[in-house]
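Two complexes, one shared chain (chain A), two partners (chain B, chain C).
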Partner chain A sequence: MNRRPRVGISMAAMTGFLVGVTAILSLLLGDNPALFGGGAQADALAQDFALPGDVLLRLLVIVLALSIVFGIANLLIVHTRRVAHGRLMSGVLLASFAGAIGWHITRRGDTSLLETIQLPIESALAALLCITLVAGGARILARRSDIWGLLFVLVVVVVLLGSLPLPELAPIAAFSDWLMRIPVQAGARAILLGIALGSIVVGVRALLGQDRSVRG
Partner chain B sequence: MDVTTQQVLSILFVLATVVLVYTARFLQSRAASRRRLRPMSAFERIPNWSSQAIEADRPLHLAFGSASIGEDNTATALANAELFHHIIEKNSAGDTPPALSTSAPTTVPLASAKVDAAWTGAGAELNVHWYPQGKRALGYAAGVTAVIGDDTPSAHILAGSFGAELGLILDSARRNRQGTLAVSDQLEGQAVAYAMADEVLIGEELFAAPAYVSDEGRAAADAIVMDVWRALLMILVTLALVLGVAGQLPWFSWQLLAVVVVVALVLGAILWTIQRRRDQ
Partner chain C sequence: MAENTLALISFVLTLMVFSYLLGDLPLIRHLYRIAVYLLIGTSAAFTLIVGYEYLLLPFWQDVQNPATSWTALGNQADLLLFVTALLFAALLLLKPVTRLGWLTNSILAVVVVMGAAVGVVGALRGTLLPLLEATARLPALDADLGSLLESLLVLLGTLTALFSFHYQANASGDGRRYGLSKAFRTIGKAFVVTALGAIYASTILSSLTILTERIAFLFQYGA
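This part shows the complex of A and B:
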C-alpha cells in the first residue's frame, strides 16, 4: 500500500499542532476581555484572539458540507456503476434519489414523502428493535451467568414492573423511581465522566499532532 | 464560578494533561518503570477473530456508528480510528480487507485513510460502507444487517457512537454465529452492548483500546494518564461528598483543592514507587 513520505507526515503533524493550539487558545481566550484586564484595549485583544477560532470553525462547517456533497456524489457514481452490472436495487436507489430531488423542487415544503415512506419504515424497524431488545435481554443470563448478569436482569424486571399502572405495585414503582434517580444516574454519570476524560486525552493527542489520523 | 475562572481552569487542565501525557510516555519508554495494563477479556478475542478472518478469507467488520469528525463525538471517532488502524494492520496477512461502516459523511475519508495506511496485504479494495443516516441510525442498522448477510464477516467490532439500534446489528450477527465486540459513547447503546454483545467495553475503555491491541508504549502511556485523572476525580468526588456530609463545603476553596491535588499526586507517586519495587 501507499505510505506517506516522512516529510509529508511531519508537515501534517506540524499543521495539526499549529491549528490545534491556535483553535484551543482562540476558543479559551477569545471574547473574554476580563482575562486581559478589562478596558477598550482588552476588548480589542480578546476579539483578536477570537478571530482565528471563528475562521477555523467556519472552515470546518464548509468542509463538513463539502464532505456530504462528495459523499452523495460518490454514492451516485458507485450505484450508477452497479446499475451497469445489472444490480436492480441500485437502480431503485437512483430512482428514489431522483424522485426525492424532483419532489423537493416541484413541491417545496411538502414533507408527505418523508411522512408516508420514511417514517413508517423507521417505525417498523423501531418495533422490530423493541422485540430484539426484549429477546436479547432475556438471553443475558445464558451469555453472562455471573452476579452482574443477574443484577442486570433483576433491575430490568423491577423497572418493568414499576412502570405497570397497578396500585398493588406502588412499592415497586417507588423503588424503581429511586433506582433510576440515584444508582442509575450515578452509574450513567460515571460512564460519561470516563468518556469525557478519554476524549480529553485523545484531544490532547490530536492537539500535539501525534494522533494516528495525522501521523499516517 | 465565573467564565474567566472556568477558562483559566480549562487551560490549566489541558496543560496538566499535556504534562501527564509526556511524563507517562517518558516513564513507559523505560523498561524498568513500564506498567502492565489490567487484563480485559474483550481484547483477548480480537486476535482470534483476526486469525479466523484470515483463514476463512472473510472480512472483519469494523463499525464507527455515527461517530464523526467535527461534532461532539470527534474524540470517539479519532479513538476508533486508532483502534481500527492496529486491527487492520494485524489483519493484513489475509487477502480480504476489513469492511468499515459509518453513518457520518466526515468519517468516510477517515475510514478509507485507515485502510489505505494500515492495510499492507493483498487485494486492498476499498470496502467502506456509508449509510447516510446521521444520528437517526435505524437505517444504518438495517444497512449493516445487509452487510452481515452479503459479506459474511467473521466478526464485528462495533466501537463508536450507537444508540439502541445496535440491538438489530448484534441480533443479526448472533443469528449468523459471528462474534461481536461492542462499545458506545451513548448510554442507550452501551446498555444494549452489555446485554447483547459477546464482548463489551465500557465507557473510557474505548479510548484505552489502542494500548491493548498495539505494542506502542505511547498508547499504554495515554491509558495510564486516563487512569490517573480518573483516580484524582474519584478522590475529589469523595472529598466533596465527605465535606458536604460534614457541612464543611462552604470552606471549600480552590487553594484547598490545589493542596489536595498535590497531596494526591505525591501519595500516588509513593504508592507507585512501592508497587514497582515489589514487582521487581
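This part shows the complex of A and C:
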C-alpha cells in the first residue's frame, strides 16, 4: 500500500496555516490605521502589522518570477526533446524563442518584432474568436433549444442589434440599455459575488491544509 | 528592417492564422500551427525578458544598493529575503525527490497559501464588500418610483441568482425542487443567463472590431 509521509504533510499544512494567517491578518489590518484608533501611534502600529505581509509578498513575487523562468526552461527542454524525435513544429517554437531573445539583445528597445509577429497573430486569433462565438451561438439554438438557450440567444441578438447606430433600431437600443443596467448588472453582480465566495472558500481550504497542492 | 518587409510578415502571419477557417486541408493545416508555435516561442521569450528585466533585475539592483530598502527592516534584511527566495525556488526544483517531500511540500504550501491569502483579501476587499454594499444600497426615499423599483429589481436579481448557484437536494432525493425554492431558482437562473448572454454579445462585439481591423489591414496591404 502506498502510504503518505504523515509528518511531511502535517508540517506543510502547519507552515501553510501559520504563513496564511499571518499574511491575511497583516494584509487586512496593515494599511488601516483607523482600526487602531487613529493618530501617530495608530499609524506606527498599522505599519508594524503591514510588515510581515509586505515581506511575505516580496518573497512570493521573487519565487513566482523564478518559477516562471523555470517553467520557460522546462518548455524549452520539452521542445528540444521533441525536435530530437523529428517534430519540426517544436523547431519553429525554439527558433522563434531564440530569435526573439537575440533580437532583444542586439536591438534593445526596438519593439518592431512584437508589433510584427506577436500583435498580428494575437489579433488574428482574437478575430477568429468572433467566428467561433457566432458559430457557438448558432449551435446553442440547434442543440439546446430550451427556454434558457432561447433566452441566451435572444439577449445576445438584442445586445448586438442595440449596438448598431441605426435610428430605426432606437427602441431596441433603449431596451438593450435597460437590459445592461438592470438584469445584466444583477446577474453579473451575482456571478462576481459567487466567484469571490468561491475564492474565499478555496483560500480557506488551502489555509487549513485541505488543498491537494498543500497536502502533496 | 524596412517597414514594407515588416508589414509583409504581418500580412502573411494574419493569413496563416485565418487559414484555420479553411479546415483540415493538406499543407494548409500546417500554416495555422506554425503561426501558433511562433506565437508561443515569442511569448515565452517576451515573458522571460519581462520577468528578468522588470522583476528580478530591479530586485537584485535594490539588494546591491545599501541606500535602498523594500521594507522597514533595512537593506541587510532585503538581501536575506532575496537569498531565501532563491533558496525556496531552488528547492521547488527538488519536488520529484520523494525523500525531500516534507521540505518541498512546505515551501509549496507557503507559495500556495500566500497566493490564497492574497486571493482571499482581494476577494473580500475588492469584490465581496463593495458589491454587497452597492447591492444593499437603496435610493433615497424621495427618489422617483422608477429608480426605487429598479434598485429593488437589482437586489432581487442578485439574491435570486446567488440562490440559484446553491445546490440543494430535496428530502425525497429525486433531484426535483418544488415551491418557492424552484421559483427563486428559476428567476435567478433567468438573471444569470441574461448576464451571460450580454457578456457573450460584448465579447462578439470586441472580436468583431478586431476582425474588421484585420480585414482592413489585409485589404490595405493587398492593395
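Heads up, the rule we're going with is that the second predicted complex is superposed on the first by the 197 of 216 C-alpha atoms of A that agree within 3 Å, B and C clash if a C-alpha of one lies under 4 Å from a C-alpha of the other, contacts with A are read in each partner's own complex, and residues count from 1 in each chain.
Just so we're on the same page, contacts are C-beta pairs under 8 Å (C-beta built on N, C-alpha and C of every residue); 3 or more make two chains touch, one makes a residue touch a chain.
Keep in mind the model is a prediction, meaning the values are calculated, not measured.
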{"item": "Partner chain in contact with A:L197 - chain B first, chain C second, else both or neither", "value": "both"}
{"item": "Partner chain in contact with A:L141 - chain B first, chain C second, else both or neither", "value": "neither"}
{"item": "First (chain B), second (chain C), both or neither touched by A:F152", "value": "both"}
{"item": "Partner chain(s) touched by A:I77 [first = chain B, second = chain C, both, neither]", "value": "neither"}
{"item": "Which superposed partner A:L164 touches (first chain B, second chain C, both, neither)", "value": "neither"}
{"item": "Which partner, chain B or chain C, touches more chain A residues", "value": "C"}
{"item": "Touching partner for A:A44 - first (chain B), second (chain C), both, neither", "value": "neither"}
{"item": "Chain B versus chain C as contact partner of A:A174, first or second or both or neither", "value": "neither"}
{"item": "Partner chain(s) touched by A:A34 [first = chain B, second = chain C, both, neither]", "value": "first"}
{"item": "Chain B versus chain C as contact partner of A:V19, first or second or both or neither", "value": "second"}
{"item": "Residues of chain A at both interfaces, chain B in one complex, chain C in the other", "value": "24, 28, 60, 63-64, 67-68, 70, 72, 75, 122, 125-126, 128-129, 133, 137, 152, 188, 190-195, 197, 199-200, 202-204, 206-207, 211, 213, 216"}
{"item": "In the complex, chain A residues that touch chain B", "value": "1-4, 24, 28-29, 32, 34-35, 60, 63-64, 67-68, 70-72, 74-75, 122, 125-126, 128-129, 132-133, 135-137, 139-140, 143, 152, 188, 190-195, 197-208, 210-213, 216"}
{"item": "Interface residues, chain A side, partner chain C - complex", "value": "5, 7-9, 11-13, 15-17, 19-20, 23-24, 27-28, 47, 51, 54-70, 72, 75-76, 89-90, 92-101, 104, 112-131, 133-134, 137, 148, 151-157, 159-160, 163, 179-197, 199-200, 202-204, 206-207, 209, 211, 213-216"}
{"item": "Partner chain A, residues of chain B touching it in the complex", "value": "2-4, 7-8, 10-11, 13-14, 17-18, 21, 70, 75-76, 78-79, 81-82, 85, 105-106, 108-110, 113, 116-117, 119-120, 124, 130, 132, 136, 138-139, 141-142, 164-165, 167-168, 170-171, 185, 187, 190, 192, 194-196, 198, 202-204, 206-208, 218, 222, 225-226, 229-230, 233"}
{"item": "List of chain C residues in touch with chain A within their complex", "value": "1, 6, 9-11, 13-14, 17-18, 20-21, 33-49, 51-52, 55-56, 59, 70-73, 77, 81-82, 84-86, 88-89, 92-93, 101-103, 105-106, 108-125, 127-128, 131-132, 134-135, 150, 153-159, 161-162, 165, 188-208, 210-211, 213-215"}
